[in-house]
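Several structures are given next for inspection.
Shared between the two complexes below is chain A, which pairs with chain B and chain C, respectively.
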Partner chain A sequence: MTDPTVAPVLLIALPIVAAAVVLLAGLRWPRSGWPISLVALVLEGGLAAWLASAVFGDSGRLVHELGAYGRPGENEFAVGIELVADALSATMVGLIALIALSVLAVTRRAGPRGVPFYAAYLMLIGGLMGVSLTGDVFNLFVFLEITGIATYTLVASNRSAPAAVAALKYLIVGTTGASLYLLGVGYLLMATGTLNMADLAATLAGEPSFVDGPMYTDPLVLASFAFIATGLFVKAAIFPLHTWQPGAYDEAPDGVTVAISALVSTIGAYAFLRISLSVFTPAFFEATPIVATVIVTVASVSVVAGSALAVMQSRIKRTFAYSSVSQFGLVVLATGIAVHPDAGASAAEAALIGAVIHLVGHAVVKGGLFTAAMGLALDSDARTIDDLAGLGRQSPVLSAAMALLGLTLVGVPPAVGFLGKWYIVIGAMNADLWPVAVVILLSTVLTLAYVARLFEQLYFTPAPSGDEAGAEAPADTSDDHAMAADGGNSADDGTEEHLSDPTPGAPFGVVAVAVGAAILAILLGFAGAEFADALEPFVTEVLGQ
Partner chain B sequence: MVLESIHPAALVLVAALLAWKLPRTVGHALGIAATLSAAAIAWFAPTGTHYSVQLFGTFDAVLFNVDQFSSLMGLIFGFIGAVAVLYSWASGADRVQTAFALSYVGTSLGAVFAGDWLTLIFFWELMAVTSTLLVWHYGGAAVRAGFRYALLHGIGGSLLLGAIVWHYAEVGSLLFSASTGMEGTVAQVLAAVGIGVNVGFVGLHAWLPDTYPRPHVAASVFLCVFTTKTGVYGMYRAFPDGHLWIAYMGGAMAVFGAFAALLQSDMRRLLSYHIQSQVGYMIAGVGIGSTLAVAGAFGHVFNHILYKSLLFMAVGVVIYRTGEESLDEIGGLGRKMPLTAITFTVAALSIAGFPGFNGFVSKGMVLAEAHHYAKYEALWYLLLIGGVGTFLSFIKLGYFAFVEGSYEGEIRDANLGQSVGMIAVASLCVLLGIYPAALYELLPGGHILSWQTFEASHYAFEVFTTSHILEGLALAAAGLVGFAILRAPLHRIGSVPDVDALYNRVGFYGTRWLVIAITELYALVDRGAVVLADTSMAVARDPEGYVRRVPGSEGVLGEPGERYRPLRSGIGRSILLVVLVVTVVLVAVLSG
Partner chain C sequence: MTPLVDVLTSRYAYVLFALLLGIGLYMIVSSQNLVKKVIGLNLFQTALFLFFIASAYLAGGQAPIVHHGGKEATYVSPLPQVIVLTAIVVGIAVTAVALALLVRIYAEYGTLEEDVLREVRSDD
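Moving on to the complex of A and B:
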């Protein structure tokens, strides 16, 4: 196996096969899910590293033709499905592999566990890998649906009624979005006769002999873009199409929230980036200036509305969920700037690099935030922001991780949140899109507001009950202690105490992942130049510079 | 030669460090040795010696640059430094004061041997610092005067720095050799005003009579030499071709300083005004800018350092022996302090420009050159009037201190160390006065034709011509006649306010109001920021409560406690939103 073009196939097949193995093995050994998943995802990590080393190394862009049908005919259109790995795909694959393992660590002790969870989780990873690697717009739909269905299952996996409702809402809204996407793909097929991304780009540009010229202003193509973009906006949870997202994030089991917050909307935003740049290409936006304006407008609304809604929340997970609405708005905004006709070469490049950095950075930061929130919930049953009062003392490590990641989210240098925003703002300013810079500033201020609230609760608000009791009557407390010590002999009391204790504490995996995410977020902040270098081939390819 | 590889400033600065720590006598001896060595280096180092480096990786700089100008300055600075250290030792200066004084000498040497503006300004500012320390060290009234001195020199130094930055932007190099003086009008104005503080332009001069009379008598000997003369040197570097306005400013200084001096009764204050007046002649020479005028100006720098330090030494001895600062308290000392009286007379005749003394030579060069140009006709008269004022005020000083009246009590003349220094300098004043070629030897530009003739570019200047001698005698006569008329009123005159009385007040109250205004403005902004932050945090902490304050919000939000349920979209509304958005996007995209 020296040919790295096989890696994309294995990356997709391995988790899907492993999901089936988990199901079958689970019939005989119900506790075998974790080890099988671990082995599969470690192998997946190895494959991702192999792919990355090939793509960022000598090979550059990798193409694997499934079934090796080749490209017969005078126009040399692909017949079968192609899997394509370029710098952007390889970045996504690496991100997914890393987070997949982290989520496994998070859920090891804290749950959810069990055969159905691991099977659905592996399916989810397979779907995500598929979306990242496919070079075919219909195949992308299929993998989006695999991702979606696995996610609906996972959201409902703790069997609570609100989770079921949230999952149902997610299913219906998500499927509507996917259908819109499929509708758009259908229009494209009608217009061009192909589903392969590279062939689509060539046909839309008017290269093959059977088209008269560029088809960018063809109503069919325009409508197709409208459907595809709206469909993917639903998946990426762009305001006002985000309605499924806060509920799903909030009601899903904590471990699942970590996975979907870090990966699922991310893949929707990735798909939008990929389709906009690799299928429609900047030439399309140049021919139809209104489209980029619509994207930038919708995204700007999302950036501000998401932050404003986040400020208004009282539950931690909902706050972070709305924050994602804003952050994905930012990624879409950057994409819009990158393809904007007013943007020069340097502006487009800065915005594109900013979009990718923010996509990756947000996945790390938001995954880490939800992990920290999960840890604090396990430690102290903190579910609302008010519950965080005084936890800076009780759970110093998790609180510090949450605080650091919060600052990253605001965009405090040198962490990765700053880096992404910086590139995007540079792009906006170079493209003379000043209102966009104002939008980003406004959203940053709002982000600061809810992060400042977290800080205030964690570090500057005393823990409510314990302190009050202590302050009221120290003598009583010592009595209580004495009584507890006395009563400690009785087995009954001990059991009761154990049962009534709702906080078994955050397991090591959760703490480690939260801290790791915080450290990674800061380290990535120093990697701006490396990011730009790594993405250079992709930037050159799509922007044609 | 070994000497050429040693920077004179480094030598003196090391001596300053040693003088600080070593016993007093050893330290002073070392100081004399170091300053004399510095003079020797300046004398023997061949023109063109330079040591260039690159500062901060960007600026070409020349730390040690020997040409005719810096060599002359270094020679006289080193020599008079040695005399002043000897005088300090004899006058009971302590170790620390002499260490400060030596560091002041060292930084001045660093400034005059600089070959570029960056090195110059570096030592220029250090010179201000070390001289301030020298003043402060004496304590008492010197502290506040030193503070005003530091403030004004800080402003002047900053203006010069601004000029240098501007100049660098124009020329792209900081080397003196890269351009002819300052380039760019703004740079020239800033440089003129910035250096003008150091040389005591009229209006910027008040620090001079304010500061120099206050510290120890030996410290005054140092102070009267370095700052203003380095200023003249800097003015030449900034304006090697001169400038009309600068020349006339020199004339104004000569007149203003001389007549302001006439009104003083504090001896050192009187001498301080005369620094301004004499520096006026130098600035006039630099301003005229011709080779002879510049040579005259630098000759006057040399001579002035000699006789002015001698004046401060002589007056210092009087103060040292009597403890009195004011002419009103003393008199008739000539009979009790003959040596002091004689050296004072030599110095007074030198400064007044009496034929046969060194001031006559160099002042004559500037006067002669001013007489050559129609545009400097008025300047010539100004300089002559300044000369009358000088005679007047020195006749006043000498008459009231050494001739008129009597001083009660036993009093001794200058001690040995003081006498040696004063006699050495007095001899030089006479020697250079009667044998001008010895002075010509040092002057930049031009060459010597005979023992009394100096030729520069177009004109041979002869010292002892009838008209020059008559001119000198006429000035002296005018001074004598004037003094005879003004004697009584001059004796009665009280203290006369100078411009500093105005700007000290303006500065004090202005600064106070400025501080109050800034503090209040800051407090206002601060209060605003705190209110904004508090409000923001309050809203962020309880957004619902604030939303509920908006009229009509009840209908949307529902009952308190049901948190935003109505804002949450159900499945149906979600789908409606999706459809709406896709419709809007479709319409927008297709219609565009």
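Moving on to the complex of A and C:
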């Protein structure tokens, strides 16, 4: 057990086995889901730490050949599936393990609970780990679909009908995206005859003796990249392929939104980063410069459109959902800059580090924001931005967490949002892509616009008095609201929650995770140099410097 | 004219693949009925299976079970077949989840037509 190359296998197998255990144990002990999940995910955290210490320590890149089929000859393709852990995968594994435990804390009291939820949730974690660790493009598809199926069921897990509609929309769009990815994989297989990422990169570069030179300009390879990129853009919710995402985030149970906003689209963006850099490699983009330009353009549109749509929303969760469209646009944008033929070595390196920092930072920030929004919804039933009026006084801790995380999202130094944007802008400027810097500035201003609205409501708008609340409340609010409004004055607002809800306000887990995310977002902002150091092996490997 | 006939006679599986892909995608995008959208999704995936199988076809090829010493025969690549098997399983799982969601939607709204659904939901 001292060989760390088994860690990737255990990281994937453990949650999937635990999901089956939860289902079986749930037949006998219906309340056993939480403890089993907790044990599994704590072990998962330990495995992630073990993997990270090996990868960032002296082992470097870890490869595990499933089934140990090996290679028939020195220069021949791998027969079995390989699991690969490098600096980027280890970072993602750590992030997933951390957020997986946080979501467990969030849903402990506030729900959703129950055996089916925990089983689907553990499957989701297993799928995410698989996407992060696989070294095989078809295996990546399978894990993307495991992640997808788990997410569809989780979105619909509170059995509400609007959530089912949102989940079905997500399913149809998401599966079409995954199928497009599979089509791209098929083209790659036809062009090269292998599915292993490392072998693909070597074959595309023309290394094996049976190919005559690099295949980068082969129409089959170009079409393959187009299909793969489109499929993964659907998964990462890049404008205009984001249509599934706001509905799914908005209608899903609050605890599920935290998990999927922090992890699911993140893994789509990670897959794009991985395929672009480790399979197609910067040499592909150099051979056909228009590809990088198209990526940068599409991502720039996503960055601006996501922010603009976020400003127009009135519901809190929808605002944050559209904001994710913009943030994942930034990650893809940074990837586009990193592989852009005009970018020099320093520009590419800065953009790549910026992409990874922003990917990790966004997961922490957006997970925290949705947790804070969930807490405020539990405290005062706040669902729209107008509902937030005066909550800075009523729920000071959650409001402060939301405000801090909002500022992080804008990119106020020294938090992590600033750090990621800083690296990306440096990369864009060094690559002489000035319009991109303008796009990022524009998106920052728009982000400021919707975060400022949150601030205004939280801290500078007085809470409505009881009568106003009753008059403004839409027809669908429950009876206890109307009763409280009838009963009169603003002093009753506090007791109203006690009457309607046996567990008043946000449970401790929700508050702790929201505050923890805010603190982590700021701490990570100081870790720029450490991030850059830790990613150095990956950057050197993919950029070949 | 001749190249077209040539493609149709020698590469008809790929032509069929492109047709199925297009029909599936068209159903997903244009159909108002949610069940038909799911059927379109299945058709889309089936097109992919056909593509993989067609790409693995080899005239006179044998199943890739290599006996000791018998290396002179022509074998087909097992990889596309395995991919299709896996993709079929994934497709079934996705369809099962989709149908479960459809049952839930129908129980709540009493319709599977997208435009009716939109009206019902805006009335809520």
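Everything that follows uses one rule, which is that the second predicted complex is superposed on the first by the 505 of 545 C-alpha atoms of A that agree within 3 Å, B and C clash if a C-alpha of one lies under 4 Å from a C-alpha of the other, contacts with A are read in each partner's own complex, and residues count from 1 in each chain.
In this section, a residue touches a chain if its C-beta (ideal position, glycine included) is under 8 Å from a C-beta of that chain, and two chains touch if they have at least 3 such contacts.
Everything quoted here is computed from the prediction, not taken from an experiment.
**Student:** For A:Gly114 in the superposed arrangement: first (chain B), second (chain C), both or neither?
**Tutor:** neither
**Student:** So in the superposed three-chain picture, is A:Thr230 touching just chain B, just chain C, both, or none of them (first/second/both/neither)?
**Tutor:** In the superposition, A:Thr230 touches chain B alone.
**Student:** Quick one: is A:Leu168 in contact with chain B, with chain C, with both, or with neither? Answer first, second, both or neither.
**Tutor:** both
**Student:** Would you check which partner chain A:Leu222 touches, where first means chain B only, second means chain C only, and both and neither mean what they say?
**Tutor:** First partner only.
**Student:** Output check: A:Gly505 vs chain B and chain C. Expected answer is one of first, second, both, neither. What do you get?
**Tutor:** In the superposition, A:Gly505 contacts neither chain B nor chain C.
**Student:** Looking at the overlay, what does A:Pro289 touch: chain B (first), chain C (second), both, or neither?
**Tutor:** first
**Student:** Which partner does A:Thr176 contact after superposing on A: first (chain B), second (chain C), both, neither?
**Tutor:** In the superposed model, A:Thr176 contacts both chain B and chain C.
**Student:** Specify the partner with more touching residues on chain A, choosing between chain B and chain C.
**Tutor:** After superposition, B is the partner touching more of chain A.
**Student:** Touching A:Gly193, do we find chain B (first), chain C (second), both, or neither?
**Tutor:** A:Gly193 contacts chain C only, not chain B.
**Student:** Could you pull out which residues of chain A sit against chain B in one structure and against chain C in the other?
**Tutor:** Common interface on chain A, chain B vs chain C: 168, 172, 176.
**Student:** Hey, which residues of chain B end up touching chain A in the complex?
**Tutor:** Result: residues 536-537, 539-541, 543-544, 547, 563-564, 568-571, 573-575, 577-578, 581-582, 585-586, 588-592 of chain B touch chain A.
**Student:** What residues of chain A sit close enough to touch chain C in their complex?
**Tutor:** 138, 141-142, 145, 148-149, 152-153, 156, 159, 161-162, 164-165, 167-168, 171-172, 175-176, 179, 182-183, 186, 189-190, 193, 195, 476
**Student:** Which stretch or stretches of chain C touch chain A in the complex?
**Tutor:** Chain C reaches chain A through residues 21, 25, 28, 34, 37-38, 41, 44-45, 48, 51-52, 55, 77, 79-80, 83, 86-87, 90, 93-94, 97-98, 101-102, 104-105, 107-109, 117, 121, 124.
**Student:** Under the touch definition given earlier, write down the residues of chain A that touch chain B in their complex.
**Tutor:** The touching residues are 168-169, 172-173, 176-177, 180, 219, 222-223, 225-227, 229-230, 233-234, 240-241, 243-244, 246-247, 288-291, 293-294, 298, 311-312, 314, 449-450, 452-453, 456.
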